[in-house]
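For reference, the structure is listed below as structure tokens.
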Amino acid sequence: MSNTDIERPRPEAEVSAGEALLVEPSRLSPTRRALTTVLRSRELSIFLVLVAVVVLATTKNNGFIFSNDGWRNFLLNPSILLLLAVGQAVVIITRNVDLSVGSVMALTAYLTGRLFIEMPDIPIVVVLAACLLVGAVLGLVNGVLVAYGGVPALVITLGTLYIYRGIMLTWAGSDRINAGDLPREFLQLGTRSVLGIPLLTIMALVVLAIVGYYLYTARGGRELYAIGSDPDAAVLYGLPVRRRLLAAFVLSGALAGLAGALYTARYGTVSSSVGLGIELQAVAAAVIGGVAIFGGSGTVWGAAIGAFLLVTINRALPSLGIEDFWQRAVVGALILGAIVLDRVLARRQARKLAESRDHS
Amino acid sequence: ACGSDDDGGDSGSSGGDGGGSLSMTMLPKNLGNPYFDTSTAGAKEAADDLGAELEEVGPETASPDAQVSYINTVAQQGKDALILSANDPEALCDAIDEARSADVKVVTFDADTNPECRDLFVNQATAEGIASKQLELISEQIGGEGEIAILSAAANATNQNAWIDMMEKELADNPDYADIELVDTVYGDDDDQKSFDQTEALLQNHPDLKGIISPTTVGIAAAARYLSDSSSKGKVALTGLGTPNQMREYVENGTVESFALWNPSDLGALATYAAAALANGDISGEEGDSFEAGDLGEFTVDADGVVLLGEPFTFNADNIGDFDF
Amino acid sequence: MSASNAAAPVLELRDVSKSFGPVVALRSGSLRVEAGSIHALVGENGAGKSTLVKVVAGVHRRDSGTFELGGEAVDFSSTAESKKSGVAVIYQEPTLFPDLSVTENIFMGRQILARGRRIDRPAMYAEAERLFDRLGVRIDPRRPAEGLSIADQQIIEIAKAISLDARLLVMDEPTAALSGVEVDRLFAVARSLRDEGRALVFISHRFDEVFDLADTVTVMRDGSYIDTLTIADTTPSELVSLMVGREVDELFPKVAAEIGEPVLQVRGLNRAGVFHDIDLEVRAGEIVGLAGLVGAGRSEVARAVFGVDAYDSGSVSVSGKPVKGNDPRSAIRAGMAFIPEDRRKQGLVVDSSVTRNVAGVIRRRIAKAGLLTTSMENRAAGPWAGRLEVKTSALDMNAATMSGGNQQKVVIAKWLATDPKLLIIDEPTRGIDVGTKAEVHRLLSELAGQGLAILMISSELPEVLGMADRVVVLCEGRVTAELDRADATPEAVMHAATHHLEDVR
Amino acid sequence: MSTRTYADYSAPLWKRWLLTREMAVIALTVAVFVYATINVDNFDGPLTVKFLLQDIAPILLIALPMTLIIITGEIDLSVASIMGLSSVLLGVFHDSGMSIPTAAVLALLAGLACGALNGFLIAYVGLPSLAVTIGTLALFRGIAVGLLGTTAITDFTDKWSDLATNTIGESRIPLVMIPFAVLTVVFVVLLHFSTFGRGIYEIGLNDEAAHFTGVNVARTKLVLFVLSGVVSAFAGIYFTLRYGSARGDNATGYELQVIAAVLLGGVSIFGGRGRLHGVLAGVVLIGVISSALRLESVTVNVTNIIVGLLLVASVILPSVLAWTSSRLPRKAATPPESRPTPSAASAGV
């Protein structure tokens, strides 16, 4: 609030933190503006919570992060949820939701195992590509039903949640995939590290970076926000709403498909419970990370940090002396806290806006 | 093998659907569990041998309420016998009562209900036997001293809990184990990923851990997979109850030295023979009754309606190649 | 801007029609716009102007008629196609994406790209600032569109449209929310666009603007084309008679009523950012007109008085008894009735039956011990629908299928059924055809004659002047004039409605 | 003043009743039931009705308030977690020496508190119900699991368990159908024959208009979420006594089953549409299908696929029908009579 913040002082100089909300152009320098944006962002606050959890857990138990396995697990465990949360965030940004991701993941996890059993020499890349593709097709089904059927995504993806898992379980019958069925190199994919960073994490981060970059810098990405912000206006505006919705669901499906393959690599077995209930965790990660459930705002970076936070809290609770049974309760409280906080901030902003109109 | 006992088929049963031959339902804790896949395979062979009809049904996740619906269905169908591994000792009793009043003979195997509820329990091994076997193995592997932990199935799994109680008692009483300390018991719910994560948590929270006992096939496989590529491989011993096919890789790569199990296929088969004997009226489930169980030989019903399969068998690098289940 | 037939007009529509279910929004619209001209489109509310515009924009697909752009027949099925063909449209209702920044709103879908198909934000900000400079306004291009005033939203729509570089620019009431200075700037831009050879269609209810800006004017009435005239050859009164199609007096059958005791008393009503120090009084038998520009806060005041919105301070009382704030039920109990401006969103549950709508407010009264059946509702609602001559075959018909005028009758019936002492009516004849309009006016007069106090908000000056016993003018959320029927000339009202703006800017 | 009069209804009674979405679901349910009775062995047995009703009782119960909530355009995903929490609380209180009735009352109160938390956040703080109840789904389940870990409390005396499993006298109707019938009457009256119910539909169709006509939107929503919490807790108590087992993970995933049944029964997820008889038929339909398939030893996966397909079809079909019927009259539409005036000549500048 000091005058040193101001580059071009004006007579009625009254620069406040609410500066960004004023109608007239801001008087802050670009760097300062960028800095305030970051400081006020949801991503930063949730990141700080993550840091706090890690620091607390590490002071109680050094190995939480300062041990080979601790460090690796810290990075590795959230990777799969991170992929799902990224896809989910993109769908939620368009004011939809994809509840079928857990089932898609189960289906491709089993597919991975089946492929290796049927064709032991199949290259790993082909398997990953197949899973991406199958996931994309399943996502496309959701997308077509939502975009062309004009029916709510919640119902459609609830239906496909049942259908996809039913297909997986029927297909699998009573066989399950064991580590022994999978080639060693594939299993190593789930555990190998490059420069101290697990390969799976690198893959997840690469996906995150690409999607995040696309959403921020590509026309298509911005249109997703526009669609979520006001679907009717998007139609009036002439945006390719249906195509973009399809793309969002295909992306979510494809990432869930990839997550399925990586799940198999990481855990080595595929049982009937793969990904059961993980869809709600993915939604939770996005919501905690600041993606508004009614679309139009939020970033995949936030969703990714949300995924990290959820998984890390789960790991940290025992270190903090809390039985891990309470993990879900903590997650629930976090989600509620996140949305209530959003609402409180939004109300404060609305009040500021109203007042700024009176003074203008 | 003894021939199928065709004309005994409808005696004592309300007459199922098939004309004459016995019809039975196999209800494991959950489907897609390799251990139960093996026991069902054994049961099917025994059923073929008996000329009986056997069908496997079951829930996707191991919960008692899901099993109740299947028990109800068996009652509706008026099957001759139900062979069941119970997810809860109490919760199933009402449904089982109902099935028994519809003239269904109920044999539990692997995990028992309260003895009043069922006709017979086919026990894989005595709880004492299983508990002391596992302690013996872990003690051997960690050199008789250090911290150990248990990775179990669900916290209310009857058989696991019985074994854990026995182990605790023996650890306290047996001077051979005076230097072994049980520091934690965690539950993986027979869920693969959860067991995997629980293993990680154990290692993280107990840096001095020397050994893990996992008395459940899902748990030991998940723990072995975690250990096999963690830095604790070779430093933390792992034993418990597992199937050879699931564990082969880890025994061969040195993560696991040895583990124990009975033959689940034999267990399934014995349960089936017992169920058939009950349904045919050959036995009533009283202590001292005895029946033929095909290649397995003759078995006698002990106190509380328990039939014992035998002692658990130890698998290690030398013998694991001889088994395929 | 392909070099098509130079002689062909940029836009030509002939006998275009468009219906929404049973509602014929556009019966036979025609419009011919030449390059390098500004063409005004005038007509009453509901004449079908916006519908015509939406056909041109590709929002609606016409049911019949011809539609040519630059001499070529076109048939748009989406707004993307019309944009591609060089048509830019500013819709009557702002269509902004509230979560996105002002700049993104302007450039959505056609952002400036840097290398690698990456959006070039700095270039877009610079371009947005250039556009705002041209329009002579100062808006932060980085702020979100959420929370902008209607006027600022409209400016962004204008910036968006002129940045499109279109050969045809259609503006549906762009000036409704703008102050004099802003209007002047907009006109300067419009003229420079015309001088570049583009064609502009300009819709406005303000004749001074039409005569100031346009070269040609087309009049529509009741969904149909009436006539096209050059501005130089016509007069406002000629346009009015073409628009209305009958004498204006006939529209406002005001009967003198005996004015009684004050019914509504509003003292010092305040709401930060919306309205300030509002004092109002409406007496029995009196019609008070609340006038002002769009966005002046008239509806907000009415909503706060009725309690659907909260207010920060002040008091509202009916017949001397205070009414609790922010509680429509206590307003209803006190004898208020409120017919809101947006019929389809606020006044009616359009997907519900006539019965349910008409009995909507009185159902607590007709219920026995909280229980009620559809036949009880039918018995209560039928007579009211009948008194207002709602045109429907049965009481269980959905209100969605009805014409705007009939819907308005249903809303009026619903509130008259409560036997109110005070009726607040916001835009009583918006989107209602001329015949029904006169009916509504007659009804209001009649009700006032029976001693009902009426507070009427209207954007149509003739309606306010024709109906009101007293006119209260609002500007930027403050009362700027209170005029008796005799003093309420169009000039006096417009001055009061805008002077505040001009003082400030 | 001349007053017109109108017919009350545009179509005869039978048309208004028979040609509805709800009747289609009921007809399908009856058809499946008849088919199963004839073709599925043992479906006509004496135990079928009892087991069927016992199985679907919790879903039937929760579907009542869920229908009302979805008609207002909201959703409650936390119902199964409230069931789990009330189940655990019943067990924990009982274990600490309370009688079952006392423990049950406390568990119901806990359900009420859970519903009130949901309702407060949704109706008064104005948060989206989807996000709130995803949060409380985790929170309530987390508390349940946290309190009891994965252990179970199973020492419920037979006297009380029998209440949950016995039938009414000699009939095959389980006792739990008595409170269910009472609740059904209450909810039918509430939704279809009360001013409160009219408000529920109005909120779902257009909450702004409802607010303008004096419906207390916030209070209505709060009441509905509280009802949902209490009924879910009741279902949780029934579930616990029926299976004689209080566990933190009891009834996991039931929320989706309830919602699937409600939507299948013709309630629109957008709100404003749906009737209770359709919903109850939807629940029974899913129950009959699962029961028949179980008797045929078809795995539960197939049942899930069928439920999923029914759900998708039930929302897609109306859209498809609307789309096709909107296409038809388009072609049939006659061009409007052409007006005289328009001509390019008069438009010439």
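Lettered A, B, C and D in written order, each chain numbered from 1.
The definition used in the following text is that a residue touches a chain if its C-beta (ideal position, glycine included) is under 8 Å from a C-beta of that chain, and two chains touch if they have at least 3 such contacts.
Given the structure is predicted, the values throughout are model-derived calculations rather than measurements.
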item	value
Joint neighbours of chain C and chain B, given as chain labels	A, D
Chain whose Cα centroid lies at the greatest distance from that of chain B	C
Result of counting contacting C-beta pairs for A-D and A-B, higher pair	A-D
Interchain centroid distance [CA atoms averaged], chain B/chain D, Å	40
Rounded Å distance between chain A and chain D, as computed from the means of their C-alpha atoms	30
Whole-Å separation of chain centres (CA-atom averages), chain A against chain C	42
Numbers and ranges of chain A residues touching at least 2 other chains	169
Shared-contact residues (touching 2 or more other chains) in chain B	31, 60
Chain D: positions in contact with at least two other chains	149-150, 252, 299, 301
All chain pairs that touch each other	A-B, A-C, A-D, B-D, C-D
Contact footprint of chain D on chain B as seen in their complex	17, 31, 55, 57, 59-60, 63-65, 68-70, 72-73, 75-78, 88-91, 93-94, 98, 102, 154-156, 187, 189
Complex contacts: residues of chain D adjacent to chain B	41-43, 45, 47-48, 51, 54-55, 149-152, 154-155, 161, 165, 239, 242-245, 247, 249-252, 290-291, 294-295, 297, 299-301
Footprint of chain A on chain D - complex, ascending	75, 121, 125-128, 130-132, 134-143, 145-146, 149-150, 248, 252-253, 256, 259-260, 263, 269-270, 299, 301-305, 307-309, 311-312, 315-316, 319-320
List of chain A residues in touch with chain C within their complex	20-26, 33, 216-219, 222-223, 225-226, 228-230, 232-240, 292, 296-297, 349-351, 353-358
For the chain C and chain D complex, residues of the former touching the latter	9, 12, 14-15, 17, 19, 24, 27-28, 30-32, 34, 37, 63-64, 215-216, 218, 224-228, 230, 308, 328-329, 331-332, 338, 340, 345-352, 355-356, 360-361, 363-364, 367, 370-373, 375, 378, 382-383, 385-387, 389-390, 392-397, 414
